[in-house]
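Take a look at this one; I'll ask things after.
For clarity, chains are labelled A, B, C and D in written order, and residue numbers in each chain start from 1.
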């Protein structure tokens, strides 16, 4: 098993300035805060890292800034997310050139295909770029569930180093962890969950990639250490606290999907002073007014202390 | 909170004779075995109890036989599953008349509707029949997910006594458990999971309704007692063993859905001598030949001891 | 080819009294009006005939009333819609006993299955009941699309007499018509469409089953006769007029699915004096107030003349 | 109404050499053949033009080659398909710079969003690039259906010039055509269908974008001219012949989606001598062996005359 990528590896959210440029200062501040919290790695340009919204130039800028800020303190995984193989390979080569420690790719999307295309896709990426490759299983975006037996096969063949599971299918996840163990643990299996990470750890996950970790990461680090120590009571307590905090993504009105989820993360981070704005990429609007107040209220209920007012955050994008 | 329906409440599988009649003898044998294993209740005519395949006469026969066999040793829940309200109420009145302790109903299905129809549906059932009513959340059959806030509202209004959650949405499940706790625990929240029950218990479930419990129930009883005692190490160990046993539903070929799932349960029960046959209801074929052998192999790997050969079971339906 | 079931065969909507009993008088009035308009058959207890909402007793009452009212003037098809095979066969036997000329059944639903179960399902129904059997392809309710090659095979084997296609998949429909023609036309292929019947006729449909025909049937009869005569200009003109009328199902607010669709049909029929009320079956609410006015406005735009006011119709269910 | 983009506008399939380079010679040959057949425009980099598989460099190469080959004989539409707004705008600027006459964009995909995001997306593209903009409605790839009222609104606001409808929802298509007519025809509404184009023309389509037109375009041109003349008998006859030819995409085995559809188009074009190979982009495999023979047989049944053998085509990619 690859020990390099075990533990808590948050998918880092990308801060923007009011005019939608990369906010390098906020980005570095957030990265330092995550590393100080004790993360085991950082995942840039994931779905919540707004990879789908970022042009090639922006992606390059994010990777460069991230790798400079991390400065080898923890391993860096880079999402190379695009519709089909050749486009993914282009991103992967850039990530390699810029110093990524591992790359993360979904199955092909947009065009319709089947399992043979998915298998060839991962094999071609692996052949093209000499970096550990994680399969990113995210059916809500890609509209296909990666089958466990294909993942294990690609693990045993040395094509895949691991899996980042955002499938929200906890039954398949447990079977994957079991099969992986029986096969000699070729894959590092990470859960992309936020409020049921405790269950994923009981199922045998090698770590987690929680988007909410951008807002509050120390709890996820404590939960992982407790799981490693078999202290399930603590695991559960930490998870309950984090689940309460996750309500920032459900208390808003009139927004949905990425705008509600990453929108709430960015808003919380702006309230907490980590980000300068809660700006979102086109065509998504930032949370404003009553929605910012709702996020603020959840933070306070959970014992976090905003350093900026909701009004200041609402004004930050204008 | 209604304490009456907490704990392990398996959805009882319905045995058939080779000519597809109800096999009352096997049914009574299975019921006694479950009660001896220490279950806290029994759920008849659930999805795995082949409610959808059973005529009104058969449903009545199942309820009568079940209630006589249980003989008040544990509470009896009866599934009143049908397309729309008036049909469900008919089933519920029969269940009431025959002595059920609680009834279980899904949202309406077949015709398209929205949340107002779902809410009126549960209210009308509750008004018509004076028994505790559980909402059965099973989107894979009903094609709608019951929203947590509607469930809590119906709980607070005294319409629903509980929820049987087979939604396979563990994130929504944790939020439901949290909201239920905050609301004063109006609902008894049971998970319909089999291999991730440990996670559901950590999330705060009041019990479980595991179909696999028909094959091996003592493990689920031990897991629940351990969860109640906060002994999460034991919870996890029991779950891992049961997850290994659940592979009986994935080792077969050429079958799917109900035929693969309940087909494997019945086959395992026939191999273990609980049921006389592994017969399935029309239009589903029973497992045969190599598929029976595959189930047999899993049972043996898990330390269970079949008392009949795969060949005997294959011949049992002919 | 079975000539008996070609042409326009509306799925008859079921009128209820304010207290949700079958309104036999309105039902007979509507049936006579349809036959006078020149329909080639009538389909009772289809999806829009509220089969899913009707208890066994109500289904029997509907069939008896319908067959008495029709009095052999046109063939009568009866929907035998239920979750699984044995339940469908029960309904089919009742339909046979009461004098139906043909029966209509969907694939099994609720429990998960595959194509082998679907094929056995139709074969078992055919073996059990000696009446022409139509397969009802309605994925929006049943959540499976019947494959064309299976339908043709069952047609050639004498299991199916025809198909009522409500799949809204016009590509599959054209291929089905083509394959049916090549196979010697074993199936009578009817479209369940309302606003693209012209396209279905160009594709080779043997007739149509338009729910909107309950409101205005003479146009559908003219369209069919024009199609038979190859007068496509008239076909198109009639379709355009009927498409305009179909807007009664899209002009309402706050309702969806069956409540919006059949709710609008019943409301239009109440406004036109065909039905005494626009009452809906539990748990669906009838259209009221502004929604009734919206339907009224569409009728008037299309040149129809309501004989009752929107207010009278709103009050009809109270 | 914009008359510039009415009629038959095939989505041009992109030929590759055996080593997956753009085959400029075959491309030019195919373009000339289409223009000679009388098309009213050409659409490059659509879904069947393998836009999702093409890197930015390849996209540029395709546009440059196409525009040079077309040489202003017909209008050129260019697909600017990518996950989110800023990436689409980049492609649109390149298309503009290289001389496209119009651009075509889908709703955002991959990240989850709602209607507000879709509306802003099209508005932002329109503001950024001064070219007629078509909305590409293709839920099978993008997993959202564009609502008719939003399309009309964007048409009336001058944001959209038209719609390329590949939604396979013929009911919504007819309502869109009707609403467009009532609104003064702000949108040019093109159907992406191949075998039910006759129905789309009866519904009021302004033209068609048939992928099968790459293989046989003269029939589509005759069908459109007949529709314009109100000669529906000819429309239907041409459609029936083209539907028979479309079977090239259903006669193969072991392939699916893009590989089956565009794979069959390329194979037919290689057999007919239009393309030098039937090579497919990574990760899709070209049709081979028995699948090529099956396509060949359909071509011959439809009266087309392959100039190369199936074996030659199978060898063309090796």
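List of remarks:
The rule is simple: contacts are C-beta pairs under 8 Å (C-beta built on N, C-alpha and C of every residue); 3 or more make two chains touch, one makes a residue touch a chain.
If you want to know which protein each chain is, UniProt gives these names: A, B, C, D = Glucose dehydrogenase.
The model shown is predicted, which means the values in this text are computed figures rather than measured ones.
Counting only chains that touch, the fewest steps needed to get from subunit B (Glucose dehydrogenase) to subunit C (Glucose dehydrogenase) is 1.
Chain centres were defined as the mean of their Cα atoms; on that basis the chain farthest from subunit D (Glucose dehydrogenase) turns out to be B. Subunit B (Glucose dehydrogenase) and subunit D (Glucose dehydrogenase) have Cα centroids lying 49 Å from one another. Centroids of subunit C (Glucose dehydrogenase) and subunit D (Glucose dehydrogenase) (each the mean of its C-alpha atoms) stand 36 Å apart.
Shared interface positions of subunit B (Glucose dehydrogenase), i.e. residues touching 2 or more other chains, are not present. Contact between chains, per the stated criterion, is found for A-B, A-D, B-C, C-D. Those residues of subunit A (Glucose dehydrogenase) that touch subunit D (Glucose dehydrogenase) in the complex are listed here as 47, 50, 52-56, 58, 81-87, 90, 108-114, 116-118, 120-121, 124, 140-143, 255-259, 281-285. Contact residues on subunit D (Glucose dehydrogenase) toward subunit C (Glucose dehydrogenase) in their complex (touch as defined above): 168-171, 173-175, 178, 193-196, 198-200, 202-203, 230, 232-233, 235-236, 239-240, 243-244, 250.
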